[in-house]
Amino acid sequence: MSRKTDRSKELRAIIKSHKRWDVIFGLVGLGAIALAILTLVALFAQMVIDGFPRISVEFFANFPSRRAGQAGILSAWVGSFFVMIVTALFAIPVGIASAIYLEEYARKNWFTDVIEINISNLAGVPSIVYGLLALGLFVYTFGFGQSILSAGLTLALLILPIVIVTTREALRAIPQTVREGAYACGATKWQVVSDHLVPYGMPGILTGVIIGLSRAIGETAPIITIGALTFIAFLPPMPFTGDPAAGLFDWLFSPFTVMPIQIFNWTSRPDPAFHANAAAASLVLVFLTLGMNGLAIWLRYRLRKNIKW
Amino acid sequence: MSASTTSGRIVIAERLTGAARLAELAKIKVARKRKDRMIEFVLLLAACVSVFTTLAIVYILLKESLVFFSDVPVWSFLTDTQWTPLFDDAHFGIAVLLSGTLSSSLVALFIAIPLGTIIAIYLSEFANHRLREVLKPVLELLSGVPTIIYGFFALLVITPLLQEIYPGLPTFNILSAGLVMGIMIIPYVSSLSEDAMRAVPMSLREGSYAMGATRFQTATRVVVPAAFSGIASAYILGISRAVGETMILAVAAGMQPNLTLNPLEPAATITSFIVQVALGDLPHGSVGYQTIFAAGLTLLLITLMFNLLGHWLRRKYREAY
Amino acid sequence: MPSTITLPDDAPVLKAQSKNLDFYYGAFKALTGVTMPIYENRVTALIGPSGCGKSTYLRCFNRMHDLYPGHRYDGKIELYPDDVDILDHAVDPIEVRMRISMVFQKPNPFPKSIFENVAYGLRVRGEKSVSYLEDKVEAALRAAAIWGEVKDRMSESATNLSGGQQQRLCIARSLATDPEIILFDEPTSALDPIATGSIEELIGEIKNKVTILIVTHNMQQAARVSDYVAYMYLGEMVEYGVTKDIFMKPKRQETEDYITGRFG
């Protein structure tokens, strides 16, 4: 009997020492997460402390200036806005159409494989390579110049894999019985897609689009490579404004700047007053980016609650 | 009575019967088929945009690089120890830029891989459901911050902090940029690794617990080995991300080509070099212009190599759960 | 309804006993008042239709339910000879699992070598001596009647083995730590008839060293393999007795209905 209790005591001691590792690792894990979160908090704190005082209506309404106190982000946020419009106008239809083709129409052959391999490859290409593509192709070969159009198309290509993947997932989540029901009513494939799949998948598709756009708005490297200038003190010409009146599409070909580039420009200056501007602009950009991300996450959450197949 | 196809809707009047009805339906069928085939073609074109993008990237990079390599022999490109493309006595040794890419990536991965793995194990095997639901989106925020802002943070917060510890640290240095890059890459590593671990079936964990293992023993001896291919993919993704990062390095590491692996010095990477040239004047067809494409081609080949490695690893070790 | 328990005449030694065991998954009561003896070095089988609670009852014995939130035990499972209630909060489930092993329905070898699979339970206990591990592993593989098939490929991955071999490997893994009880949760339902036969033969051989509690949905298997049978229905134990008696002359109508296939 005492041998058994000895063994029991031994086992209990071993278990205790092994369980200690459970506790240690729990602490280490939390510590690692805390470190990451701490960095994020420090980042935000610095932006807020340095940048918040600079936030004002004038900041949004002023052009950049050599005088730090008067500099603003007008050309930057307007530029970002227009570039995003071009990006969205290209990426949304092409992305959704690609996803529909791959999910609903494509047959299982080598060609489909090629397309799918391409999409997953492109997701891993560094963004600056897209910039090089844009420089060679859009700026020079197509002759779009260093313009909003080039930037918008480049970013659209960049976020295309994101839109395609999330749209495919949204379509895949729709049960087969819905399609069968529609076919049974005599619908054609396109009618099934346009009347049923796209509407039902819209929340998921929107989520993907928003995530893609939030990524695009913060991209710097490809836009620099195209040659966006960093000191722009004018806005793209709006159609029918100015003298002589600007054409309908002149704004597309106008030189421009975007928020990340303005931040880059101000960060690179040695004068700390400009750093405050950079912090303020960063605050605005982060607010936009995380706001869009948050919107997408909220949409995904709402979607999971509402649609019960 | 006959069928009318107004605005695509098909209205078949009830009086038609028998052979006439069949004939009418056949006419509608032909029209619909034609329309469907057109739509399919348009969708296919859209899907081909991605193929077109890849082809365009390869074409552009190759085209300009070929011009570059007609001037600069490949051998000296690979072995020269100086990188001074815009000087009169120009040297084009890519190794200089590669040293910057290598040292910055190593610093970043030194942070991202251990921390990312630990966080993944913790979230997958230790944290309870509610904690995980809260922490995962917060971690994802890390990867949602635009990299220019990280660059700003590295230059204006991390560098001064490091200078307190090591006063000789230059304003531009690889260490600062690498550390911030590492933190930014953590979610890439942790998210994919965690997904891989959660995919390991509960029956393996039960088998381990049934043998009297503790949580830590089960996590490290059974779950992590079982999720190996997914975790390896996550690491490869982290490496790819580090190699391709641009803005953090452009802002905080200085853009001065420097053949060194010492992270306490400033250095240019392949990516930050391209930015530096792009910031200046880039007359089409000039030496500078072609150089960035040669550099870009090198970068693309490196990331392609890692992508293929990841693909091969996944193929070879894929566990079917 | 109270259970009908017919204890055997030949006074075998009691290894464990559940006393009025209730079990809850959240608000759902999965087991009600299960009282049952487990005799040492004998095979006790649990039979009953799907969802009757036999696996739930089995998993109480090695505190598997502790892995999932929302579980609640009410009642006792006493382990002898030390009279410890293994369901007590103060008792460490890990310690319980070091004394009571389990073989699962679907074979679950770890993605490790054959040697490491069998040695796992010992390593987890802190055993490091290579010669000791090698001896124990060989003994366990012999006891599981698989030594001959694997002795030349001990460093190969266990996942390369066939289903039947994997299950025997899992049994070896359980045996390597000299457990007092081995729990079998429908161990052959995922195997072909030949593999099933070899596992049943194995159970007959190892019961001399270890007490066995086996859940099975296959009545013929229970009849072949076990010494005692408990018939469960809707979380309660309906009847318990010596195998031959239960199958030849069950005392309860419910038992007879199940055994004759009137429902199932």
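Just a few scattered comments:
Each chain carries a letter (A, B and C) given by its place in the written order, and its residues are counted from 1.
Everything that follows uses one rule, which is that a contact is a pair of C-beta atoms (placed from the backbone, for glycine too) under 8 Å apart; a residue touches a chain by one contact, two chains touch by 3 or more.
Remember, predicted model here, so these are calculated numbers, not experimental data.
Among the remaining chains, the Cα-based centre furthest from that of chain A is the centre of C.
Relative to the centroid of every protein C-alpha atom shown, the closest chain centre, again from C-alpha atoms, is found for B.
In whole angstrom, the spacing between the mean C-alpha positions of chain B and chain C is 49.
With centres defined as mean CA coordinates, chain C is found 53 Å away from chain A. With centres taken as mean Cα positions, chain B sits 13 Å from chain A.
Counting partner chains per residue, chain C shows two or more touched chains at residues 94-95, 98, 124-125.
Each of the following residues of chain B touches two or more other chains: 212, 214, 217. Shared contact sites, meaning residues of chain A that touch two or more other chains, fall at 15, 18-19.
Within the complex, the chain B residues that touch chain C are 128, 201, 203-214, 217, 221-222, 225-226, 228, 319. Here chain B touches chain A in the complex through residues 32, 35-36, 39-40, 42-44, 46-51, 53-54, 56-57, 60-61, 63-64, 115, 118-119, 121-123, 126-127, 135, 137-142, 144-153, 155-157, 180, 183, 186, 212, 214-217, 219, 237, 240, 243-247, 250-251, 271, 274-275, 278-279, 282, 284, 292-293, 296, 299-300, 303-304, 306-307, going by the rule given at the top. The part of chain A that touches chain B in the complex is made up of residues 15, 18-19, 21-22, 25-26, 28-30, 32-33, 35-37, 39-40, 42-43, 46-47, 93-94, 97-98, 100-102, 105-106, 114-115, 118-119, 121-122, 124-133, 135-137, 140, 157, 160-161, 164, 188-190, 214, 217-221, 224-227, 230, 260, 263-264, 267-268, 275, 278-279, 282, 285-286, 289-290, 293, 297. By the touch criterion given at the top, residues 81-82, 92, 94-95, 98, 124-126 of chain C touch chain A in their complex. Listing the residues of chain A that touch chain C in their complex gives 1, 4-5, 8, 11-12, 14-15, 17-19.
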